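Take a look at the structures below.
Consider the two complexes below, in which chain A is the common component and chain B and chain C are the respective partners.
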Partner chain A sequence: MSQKVLDALKASHASAIERTESEHGDEIAWVKRDQLLAVATWLRDDPAMAFDSPVFCTAIDRLDWRPLGVPPSQHFKDENLRFEVCYQLRSSRHRYRVRLKVTVPEHDPRCPSLASLWPAFDWQERETFDMYGIRFEGHPDLRRIFLYEEFVGYPLRKDYPKEKRQPLVRRDDLPIASKTPTSERTEIAAGDSGDEETP
Partner chain B sequence: MGVELTTTRLEDAAKWAKQSKLDRATNWGRKFSLFTYPFVTACCGMEFMSVAGPKYDLARFGAEFPRFSPRQSDLLMIVGTITEKQGPALKRVYDQMTEPKWVIAFGVCASTGGFYQNYHAMPGADQVIPVDVYIPGCPPRPEQVLDAMIMLMDRIQAGRGHSQLRDKREQIIAAREAEASVDE
Partner chain C sequence: MTTAPRDVESLKQLVLGRKDVQDLTDTEQELPPDLMTVNMGPSHPAMHGTVRIVLTVDGERIVKGDVQPGYLHRCFEKESEYATYTQVFPYTDRLNYVSPMINNCGWAMAVEKLMGLTARIPRRAEYIRTIVSEMSRVTDHLTCIGASAMELGAFTAFLYFLKSREWLYELLEKVSGARLTHSYVRVGGVVKDLPDGFDKDLTHTLDSIEKVMVEVEGMLNNNKIFHDRMAGVGAMTKEQALATGCVGPIARACGVDYDVRKDYPYSVYPEVEFDVPVATTGDCYDRYLVRVEEIKQSIRILRQCLKQIPDGPTMVDDPRVALPPKRDTYNTIESMIRHFKHIVDGIKVPAGEAYTFVEGGNGELGFYVVADGTGRPYKAYVRSPSFVHLSTANQLIHNHLIADVVPIFGMINMIGGECDK
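This part shows the complex of A and B:
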């Protein structure tokens, strides 16, 4: 559909594009991390491209990535390829759609921020940071957006324990439970008509 | 519902008989004038609306109309998923409500976390505040909610709500302490 965009990208930024693919009508360009900002600026400002609409920004964690039908040689092994940051863009003037992907290594999860080009990516990048811990460089205000400041770790990374919760308050902290010492509470509950079982 | 009394209700009925006339009258008044504070956070809210609407009409049981200030209400309906981030807010709402107060956990999310067993969902609102009646279901049928309402009213009449029991405990402890100081 938007093969023209991929061709134009390869022609104008040959050194920045690692490879391109088309899948199910989606055109994907793998961009080198340090050139992402230049490529995106060109896509936005070139009148033949005019990508004016940011669709989404997210990341993929490829830890334990073993999809069906993919030979084992292509499974995730290299920690340098652990994260993929995806930017989906749309040009409403020319009706192009293109997805830019950047590979981000595990030990250095940095990625250039596109919030300066499309302000709508501001919160989306914050969400990606919140869930995957990707540090967007040049982002105006990179803080957690859904989770609380006290949260440790990044929950959508595949190595985050599935059921690990980080509570802010628990019943044991509360004065209701601690007003009376436990031993006395059971004694009174046994002696008195009141028992605390709930249906 | 129906004519059958569950064991709990039989026990409750036995306990009413033991109450003083004043207690019985106060609790009777309380149970027919519940002011609900709907803490609606998720999809269960739709079901809550249908219970509160004219077809099922929660108002028949004296829970006339929802108040949107915790300071004017004594029944907290936790309707929907509670996330860990909401914990402090929920506790604060509970603390601001007038005494004595009761809590209903509406739906499996509010009761146990339901199918959200992961990093963000609290495994039941009772992690943060004491809950009197749990309603299972995702979302619960309005009949279940009405049943829970009747259970709660029985419980209020019997003086067995969490906050009522806590008051009673405190009175007993205070009385014991007073006794002890007289003995000294």
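This part shows the complex of A and C:
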């Protein structure tokens, strides 16, 4: 449907695009991590593309990727390819849709943030960080969004056991004061620690 | 007997729990000049759903709002990874629990897209899906408008709308067996045909709902209080709506002419005639008007569907997704094994990934599914419109009064189950 976008991407950013593919009518472009921001900016600002509306952002953990009917050579082996961050974009003018994918290695889960280009990715990236532990660089306020700050681990990673339970226990090692935007939590945190010291 | 003025004052203080306003000195009567932080929610009577807002207020004016969702997080995605494709349907029911049928359809379409079945779904099944989806859209909008009106004091509108919503729920209960969590749609079709006399019942219900609509519109449209609380509150421009990913009634109230049913037609929507209402100002009042008009358009679609619905099977004739008939399951070993494998191992979906989206009650509801060839999804992501819409709330409530939070949240129509996944 949007093959034109993939062709244009390959023509204008040949060095940034690793490969492109179309699957079930969805167009996917694999972008190099350090050039994601440039490619995304171009997609938004170029009048022939005009991707003005973001759709979603999520990640895939390939740790257990052993699909049936696929030779073992294509199963998950390389931990440099463990995570894939997906950005789905929509162009309301041209009715294009494209999915940008970035591979993120296990030992260095960082990805450039697109929240500065499309404000919708602000919360979506926070959700991806919350669930997969991908650190979005340049994100204005990267906090957990669904879970509490005391939560340990990232639940949608394949190595997080489904049955694991984590009761909410207060942890003093968290830098709550510096992260929360409101003064209220700071005061509570300060007051609590003060109370503990007195006895 | 000593009734000195001081005692009266202390008695007053005892009763009031504070000093009487008249007894305060001038400096004491002034409001503190510094900003105040107030918690609204997570369980607040004027907001449907559980969401917490940390408000920094200057008097009554909101200087900064920090909306914190997540109080209803039930790990939809993690649970889905351990469930068979059919077992995910009950989970989708609990996403947007005001219009579960649309979620059912969205999930079924995502799996069908991965299996290449989209074009093979029987006509009757497609029509039934459209009918139940549009009924769900009506219930969604009725709930949204009714609840918002109630929060602004119009209790009658709420009761009238909930009454008509109940008529639709009763019909959906006849169709699926459950009032709220239907799990009616299956991969490849729907679980069973419509009950006898359904078209007569639905026509009667639609007529009744139209009458209720006239009544409630008469109560609300030109109601001074309702209009003053809604008009000009929480406005958003078209560009903002696009950049923040807003879709559905909220975006259409800002002038974004985008409806998945028209722009990326699916199911039988190309065969029915309907209009997409678009407003201009993008404030809460326009969101209300767009929703009212969408109810009328859904009723129009339903009437056409009832006329056009063909006879035929309601399940695709494909052994990969269709269960064998009950009679065979109990009488032949092959069918019994097939039934067992189908239930225990699940539908085998070939490896691949696809993003499918439908027009939900709140806008583009998408399912991004990654399959690995087994009977369980490798990843099941839901693009929930409520979550995207709620992320705009921080900007929308900025510089408004605390009382304006109520209509803004009402018209964002945040559904906790869908937003928090």
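Here, the second predicted complex is superposed on the first by the 168 of 199 C-alpha atoms of A that agree within 3 Å, B and C clash if a C-alpha of one lies under 4 Å from a C-alpha of the other, contacts with A are read in each partner's own complex, and residues count from 1 in each chain.
As a convention for this text, a residue touches a chain if its C-beta (ideal position, glycine included) is under 8 Å from a C-beta of that chain, and two chains touch if they have at least 3 such contacts.
This one's a predicted model, so the numbers in the text were calculated from it and none came from an experiment.
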Which superposed partner A:92 touches (first chain B, second chain C, both, neither): second
Greater residue coverage of chain A in the superposed arrangement, chain B or chain C: C
Contacts of A:26 with chain B and chain C, given as first, second, both or neither: second
Which of chain B and chain C A:118 touches, first, second, both or neither: second
Chain B versus chain C as contact partner of A:162, first or second or both or neither: both
Contacts of A:15 with chain B and chain C, given as first, second, both or neither: neither
Touching partner for A:170 - first (chain B), second (chain C), both, neither: first
Chain B versus chain C as contact partner of A:69, first or second or both or neither: second
Partner chain(s) touched by A:53 [first = chain B, second = chain C, both, neither]: second
Common interface positions of chain A, toward chain B and toward chain C: 146-148, 155, 162, 184
Of all residues in chain A, those that touch chain B in their complex: 146-148, 155, 160, 162-171, 174, 176, 179-180, 184-185, 188-189, 192-194, 196, 198-199
Chain C contact footprint on chain A (complex, rising order): 23-26, 52-56, 58, 60-61, 64-70, 86, 88, 92, 95, 99, 118-120, 122-124, 127, 131, 145-148, 155-156, 162, 181-184
Residue ranges of chain C in contact with chain A within the complex: 37, 39, 54, 56, 64, 66, 68-70, 73, 75, 77-79, 81-82, 113-114, 239, 242-245, 256, 258, 263, 348, 350-355, 364, 366, 368, 370-374, 378-379, 381, 383, 387-388, 390-392, 420-421
Touching residues on chain B, where the partner in the complex is chain A: 6, 8, 15, 18, 84-85, 87-88, 91, 117-120, 122-123, 126-134, 151, 159-160, 162, 164-166, 168-170, 172-173
